[in-house]
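In what follows, chain A forms one complex with chain B and a second complex with chain C.
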Partner chain A sequence: MVRFMIRRLLAAIPVLWIIVTATFFLMRLAPGGPFDKERRVSPEVEANLRTKYCLDCPLWQQYLTYLGPLNLNPGQGGVKAFGGDGSRPWSGILTGDFGPSFKYANRSVGSIIAEGFPVSIHLGGMALLFAIIMGMVPGLVAALRQNTAWDYGSMSAAMLGVSIPNFVLGPLLVLVFSLTLYWLPPARWDGPRYWILPTITLGAIYAAYIARLTRGGMLEVVRQDFVRTARAKGLPESLILWRHTLRGGLLPVISFLGPATARLLTGSIVVEKIFLVPGLGRYFIDGAINRDYTLVLGVVLFYSSMLIMLNLVVDILYGFLDPRVTYD
Partner chain B sequence: MKENDQPILSVRDLRVSFATEEGLVRAVDGVSFDVRRGQILGIVGESGSGKSVTNLAIMGLIPMPPGRIDGGRVLFCGKEILGVPEAEKRKLRGDRISMIFQDPMTSLNPFLRISLQLTEVLELHKRISRKKARRHAIAMLDLVGIPDAAERIDDYPHQFSGGMRQRVMIAMSLLCEPELLIADEPTTALDVTIQAQILELLKKIRDELGTSIVFITHDLGVVAGICDETLVMYAGKILEKGSTRSLFASPSQPYTRGLLRSVPRLDLGRKEELTPIRGNPPYLLDRSPGCPFLPRCDFAVDKCGEEFPPRRQVAKNHDVWCWVEMEGSAG
Partner chain C sequence: MSDQGPVWIERVLMDLWRRQRGLLLSLLLWVVLVSAGCGSDSDYFGKVLPPKGQVLRFNNGAEPEYLDPQMMTGQPDGRIAWALFEGLTSYDPKDLTPLPGMAESWEISEDGRVYLFHLRKNARWSNGDPLTAHDFVYSWRRFLNPATAAQYAYLLFGVRHGKAYCTGEWIGRFWATELRRRGSSKPEVIWQPATEASQQSDKGDSRAEITLSPVLDAEEKPTGVLRGDLLLEVPWAKGRLQGSLEIAKTGEATGSVTGKWVLDGGDPVSLEFNVSGVLDRNDREKKVSGTIRAEAGGLQWTARLEARVARAEDVGVSALDDRTLRVELDNPIQYFLSLTAFYPLSPVHPATIEKYGERWATPERMVSNGAFRLVEHSLQNRIVMVRSETYWDGENVKLEKVIAYPVELYTTGCDLYKAGEIDIEPSNYIPLEFIPRIKTKKDYAIHPYLGTYFYRINVNHPVLKDKRVRRALAFSVDREAMVRFLRAGQLPAWYFVPDGIPRYKSPRLLRFDVKEAKRLLAEAGYPGGKGFPKLSILYNTTEQHKQIAVIMQRMWKKNLGIDIGLKNQEWKVYLKSQRSLDYEISRSGWIGDYADPNTFLDMFLTGGGNNNTGWSNRRYDELIAMAARESDPQRRMQIFYEAEEILMDELPIIPLYIYTTFYLKKPYVRGYTSNIQDVHPLKYVWIDHDWRAKE
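Right, the complex of A and B next:
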C-alpha cells in the first residue's frame, strides 16, 4: 500500500513535467506577450521589465530558468522577481516557487493561488456537497423504484441537467431568482445568500451525472446473484440495501468523484466569471488573456497536481470498498 | 424415515408465469410433488424447463414483476407459505428453508468477508451475539470441509476456489439447521472431482443432520448417485416422477428415455450408443393443449396433440404423464 502510493507519486513526476513543458511552449506559441494588452507603460519601462523577467533570453533559457534554480541569466544573480529591488530571486518551480506574476506587479503566483484557492475550495466544496446529495438521493430512489414516476421524473431531470451547460444555467438562474423574483443577489461573494446561485450553477451538472451513475450502478448490482442469496437468507430489504448493494452500486460514483472533486475544488472558470467570484478560475482566465505566463503555468501545475492526488485518493478508497482490488 | 410422515414440503398445482416482451411465458404449469422428511428429491430437465422457477416460487423469490404466481399451493410442514406476507416468508427463508445456487463465483458478495456473510444469518434468525455466531460459523465451515476454518473465515470470497466457495455457500445455508435445503444445480459450475465431493457432502448432511434436500440438476448421472426420488420436468410440467430406482429401471416417458439414452451409463457397458434427443427444447410461448414434448417425440399418437395426459401409475411410487404405454426397459 505505501509502496503503491510511492510508486504512483513517482509516476506523477514525469506527467507533471510533460504538462509543464507542453503548457510552457504552447503559451509562447500564442501570439502576443504579457505587455501587449496594457500599453500603459512606456517603451523604456517595458524594456526594463523584459530584461527583468528575462523575456528576451532565448526560449530554452527561459524554460530552464522557469524550471529550476539555474543561473543562466548573465549579469544578474538569477532572475530578480520582486519589487525591482532584487530582494527575492526567482528560483524556479523545482524549489516550489511559482515565480512572479507578470500582470499583477509585486505579487507572486504562489500568493495569488493562496488567495484564490480558498474561495474556489469553498465554492467547489459546496457544489460538491450539493451534487452528491442532489445526485445520490434521486439516483437511489430511481433505482429502487425502477420504471415508476419517481424513476422517470428524476432521470428526465438528470438528462436536462447533463445537457444544460453552466454558462446557460447561470444566467438563467440569475434571470429568474435575481432579476425577476429578487430573492437572491446576482453576483459577488459576500455572504451565504451570495453562495447559493453559484453553487447550484456549478453543481447541477455533477448532480445530474451522479444521479445517472448511482441509478446505473445500483441497477447493475441489484440483479447480481449475491443479492438473490441475501434474499434467500431472509435478510430484510433495508439490510440488503445497506450492507449488500450500496457499496458495489456506488463504485462508479466514487470513481467519478475523484476527477470531479479536483475540477470542482480548483475553481470553475466559467462560474467564477459569471458570478464574479474571486476564486482561482477567474485569475486563470485573466492570466490567459493577459499572457501572464507564470500565472497560467502555476495554476495549470497546481490543478494537475490536485487531479493526480485526488485520483490517487480515489484509487485507495476503491481498494477499501472493493477487496478484490490489490495494489501490486 | 417413516412412510406415513407428513411431507416436509407439498407443492400442489403450482403455476408461475412471466410477462415478457414476446408474451406470457408459462414457466411452471401445474406442478405437484412432495418432499418427505430426510429425503433427497431430484428435479431433472433441460435448460428452461422451469426447475429454478419452481424452487424460487417455493422460496418466495420470484421477481414480481415480471413474474406472477398464477395459482397453486405450497405447504411447508403442512402450512401454506405461498400467499403469506413477505415478513413471514422472510422468517422461514434462511432459517427453516434455505437455498444454494448454481454459480458459487457470483453467489457470495464479493465486497464482504465471509465471516459477516455467515454470521448475519445467525444474528438475524437466532438472535445470538456475533461472537457466538462466529464460533458457530467456524464449526460449520469445519463440517463442510474447509481447512483452517478459524483463519479462513475472515477471507473474502475471491480468496477461495470455486469448490471451496460452494462449500461456504453450503455452510451458510446450513447454519440455522434448516429442515429443507434447496440446491439449484450446486455442482454444475464445478469440475468433476469437486462435484463428487460436494455430492458426498450433501449426502452426509442428509444422513447426519436429517435435512431434506431438493436437488436440481440436468445431469441424470448425479441424480442416480444421490436422489431417493426423481422428478422429470419438461416445459414447466412434470412428465414422470418416482423412486429413482424404478425410474431408472423402467423409464416410461419417451422424454425420460431420451434423457437416459443421452447420458453415458457405466452399468450398460459400451454397447449402447449415446443418442441425443432430437429437436430443441420447447418454446414456452405458444402452448398447444397437448403434451409439450410432442414435437420431439418418436412415439406420439393423435391424442398427444389434443390433451395433456392424466397421471398414470406404472409401479408403486412411480407415475408417468403419457398417453403411450411403453413396454420393457429402454435403458
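Right, the complex of A and C next:
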C-alpha cells in the first residue's frame, strides 16, 4: 500500500513537469502579451515593464528561472518576476514561489491561490455535500423501487439536472428566488443566505450524475451472484443492502467523485461570475484572456496536483470498497 | 439505464397533474401574489430601501488591477483611487472644473509654463503625518521612474525633463560662450555672457536645451549615434530652431549635424557639433561634453555642451518649502490643473513605500490622503473604505462607509441592484436588452460621454488608400439608424471629438449622403460596387461589436452594393492585428483622458503609438505640434479645429457614434451627478433616508 502510494506520487512528478512545460510554452505561443491594452502603453513604458518582468530575457532563461530552483541571473531587475526581490540565488516553483501575477501586480500568484482556494473549498464542499445527498438518496430509492413513480420521478429530475447547464440554472434560480420572491440575495459571498443559490447551481449537475450512477451501479450489483447468495442464505434485506450491495454499487460513484471533487474544489468560472464568489475558478479563463502567464501556470499546476491527489485517494478507497482490488 | 423515451415522463407528469391539481394551482397563485407584493415601486427598478446609516454600496465593474494610484489605469481602479487619494486639485462633480484639493491655491506664470502650488496647512495623511510638497516631489518622481513602469507616465511627459527621465533619454545643456561676427581678420565678439551661471537661468536669451535619445544597434549597445530635437533660442534671431539632429559616430564620438536648418523666416544656419564620450542608458552618472558651433548670416555662435542621462532631480518639479510646490512645464498645458486632479498624479506616502516596496497597497499598510481610507480588500469579493478622520474637508464628507463590489457580469450587477443589494450599477454595465424595459424608470440616468466609437481604416491597403473610397464608406453610414438600434441615447458621430469639451466645437464635415457616396465610389473605379474586393471588418469577440459590424455590413451592401466580411478575434489577438496593420477595417473606441481635443487628436500623429491606421499627414502633425506650443486658449482651439478638419476630410477613421454613460442609481443616493467623463467624487455623495418626502 505505502509502496503503491510512493510509486504513484513519483509518477506524478513527470506528469506535472510535462503540464508545466506545455502550459508555459503554449501560453507564449498565444499572440499578444500581458501588457497589450486598447490604449497602447508607450513603447518606453512597455520596455520598462518587459524589463521588470524579465520578458526581454530569452525564453529558455525565463522557463528555467520559472522552474527553479536556481535563479539564473540574480541581481538583475528582470528576475524579480520569478524570484521575489531578484537578489536571492533561489527562485521558481521548485522553491514554492509562483511569481507575481501580471495583472494584479501587487499580489503574488501564491497569495491569489491562498485567498481564492478556501472559498472554492467552501463552496465546492457544500456543493459536493449537496450533490452526494441529493444524488445518492434518490439514486438508491430509484434502484430499490425500480420501475415505480419514485424511479421515474427521480430519474427524470436527474435527466433534467444533467441537461440544464449551470449558466441556465443559476440565472433561473436567481430569477425565481431573488428577483421574484425576494427570498435570497442574487449574488455576493457574505454569509449563509448568500451561499444557498451558488451551492445548488454548482451541485445540481453533479447530483444528477450521482443519482444516475448510483441507480445504475446498484442495479448491476443486485443481479450479481454474491447478492443472490446472501439472499439465499436468508440475510435480512437491510443487511444485504449495507454490507453487500452498497459497497459494490457505489464504486462507479466513487470513481466519478475523484475528478468531480477536484473540479468542484477548484471552482467554476460560471458560478463564480454569476454569483460573485471570490473563488479560484475564474483565474483559469481570465488568466488566459489577460495573458497573465504566471497566474495561469499557477492555477493549472495547482489544479493538476489536486486532480492527481484525488485520483490517488479514489484508488485507495477502491481498495477498501472492492475486495478484488489489490495494490501490488 | 433503460430508455423509455418521453412517454413515461408524460405519464408521470399527467399523473401528478391529475392527482395534485389543486395544490399546484394554489402554489402558482401564491407565487404570483407574493411576487406582486414584493415587487416594489414600479417607478423604480427593484427595491428602493436605503441601507442603514451612511453606507454606499456600488458595483465597481471589475477587480482593480492595482490600488497604487501611480500604477492604476482602468475605470474600476479609478473609482477606488479617487476615493482613497486626492491630488493637488480635485474635480467639481458637475462639470469637472478643477477645484482646490491638496493645494488651496496656485499661481501660474505669464507664459503658462511655471506653476506654484500652495498646499493646505491641514493637509494630512491618514496616519496623521502632515502632507508636504516633498511628498508630491517624491510621488511624481516615482511616477516617472522607469523602474516603476507606470502606464500613465506619459501624462507627465510635458513636465520639464519628465519624458527624458522616464525613458532614459540623454539631456544636454548648452552654455553659450560667445557670439562673433565672422569675416574680419579678427572676429568681433558682439555678445558674451556675463557669467556662465546666468546662462543656466531660464531668462537667458541663449537658453538652449537638447534632448537626445540613444539609438541602439543590432546588438542593443548604444553606438553613440545621437538623434533628437534641438531647440535653440539664439540671441541674433527671435526664431526657434527645431528639427532632428543626427550625429553619426561610433565609439569615442565627434560628429557633426546632418541636414539643413532654417530659422522661422530667417537665414539658413549651419551647425557643427562635437561631443566626446558614449553615454549609457543605465548609467545616470556619466557625462559627456562637447561644443556646438552655429553659423548664420555672418554670425558665429559657440556654446559648450554637457550631456548625461536624465535623473530624478532633473524633473521640473521641486519643493520650495514644505507647503510650496513648483512645477515647470516644457510648453503651456491648458488642461494642467485638470491633470493634477487625475488620480495617477496623487501623492503617495514616501515612508510607507520605502518600507514595503511594491506591495504597500494593502489595508494594513496603506497610508492615503483622500476622503476615505482602505479597511478591507478581499480579492474578487469587495473593497471596503471608511471615512478618513484626517481628510482636510472631512466635515463635509457624509458617507461613513463605501463598499465596492467587482461584479463583471452585467446581469449579475443588475440583479444585485434590483434586489437592493447595491445602490449604484455603474455606467455601461447594463445589457442593451434591458434598456427598453428600464428606460422609463426614474433611477435610470443617461449622459453624453467623452468617447467615440469608430472604425479604423488601414490606409496602406491598396484599395483603401484611395481617399474617395474612404469617403464613400463614411458617407454611406446611416448613423441615426445606428443609434436608434443602440437605444442607450448614443449620439451619431458626425465628427471625431465628442461634444462637451469647454470652448471646443468640432467641424461637422460628415453627413449621410448615399448619392455622393455612390458617386465617389464610381469615381474610384467601382461603379455600383462592381469589382470592389471583399474587405472585412475586424472586431474583438463580443456580441455588441458583432451586432454593429453586421449593421455596417448591411448598410454598405445596401447603399454601396459592396460585400464586406466579418472577422472576429480574441481580444489580445485583435489588439495585435490592429497594431501590426493586419486588417482592412477595424472596430475601435476611444475615451478621452481629459477634457481637451488633444487627447483625441494626438492619437493620429505620424507613427503615434495609437495611430494604428498607417495614416500620416504632415500638415496635421504640424498643427498638433503648434497647438502644444500655443498659449492662447482660443487660438489653440482653432488649431485643433483645423486639424480635425483634415482628419475628417482624409478619413483614416470613420466615426460612428458618441458614447453615453447610462447607469442605475437608487433615488436615495444624492450628490452623484452625471458628467462627460463619468467621474463621481464620492466625497459629495450621501444617502438620503427621507428621500420619499422630497419626491
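Heads up, the rule we're going with is that the second predicted complex is superposed on the first by the 299 of 328 C-alpha atoms of A that agree within 3 Å, B and C clash if a C-alpha of one lies under 4 Å from a C-alpha of the other, contacts with A are read in each partner's own complex, and residues count from 1 in each chain.
Criterion: a contact is a pair of C-beta atoms (placed from the backbone, for glycine too) under 8 Å apart; a residue touches a chain by one contact, two chains touch by 3 or more.
The structure presented is a predicted model; accordingly, all values stated were derived computationally and were not measured.
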item: Room on chain A for both chain B and chain C (clash or fit); value: fit
item: Chain A residues touched - chain C or chain B, whichever exceeds; value: C
item: Touching partner for A:Y182 - first (chain B), second (chain C), both, neither; value: second
item: First (chain B), second (chain C), both or neither touched by A:R193; value: neither
item: First (chain B), second (chain C), both or neither touched by A:R145; value: neither
item: Which of chain B and chain C A:R7 touches, first, second, both or neither; value: neither
item: Chain C, chain A and chain B - angle at the middle CA centre, rounded to the nearest 10 degrees; value: 160
item: First (chain B), second (chain C), both or neither touched by A:R107; value: second
item: Which superposed partner A:E44 touches (first chain B, second chain C, both, neither); value: second
item: Chain C versus chain B - closest C-alpha approach in the superposed model, Å; value: 15
item: Chain B contact footprint on chain A (complex, rising order); value: 224-226, 228-236, 239, 243-244, 247-248, 321-324
item: Contact footprint of chain C on chain A as seen in their complex; value: 30-33, 35-45, 48-49, 51-52, 77, 85, 103-107, 112, 115-116, 119, 149, 152-153, 155-156, 171, 174, 178-182, 185-189, 212, 215-216, 272-276, 278-279, 282, 289, 291
item: Complex contact set, residues of chain B against chain A; value: 59, 61, 90-95, 98-99, 101, 103, 106-113, 116, 120-121, 124-125, 156, 158, 169, 172
item: Contact set on chain C toward chain A in their complex; value: 1, 8-9, 11-12, 15, 31, 34-35, 38-39, 46-47, 63, 65-68, 71, 73, 146-151, 153-154, 166-168, 357-362, 378-382, 405-409, 411-412, 415-416, 418-419, 421, 570-573, 575-576, 579, 589, 609-610
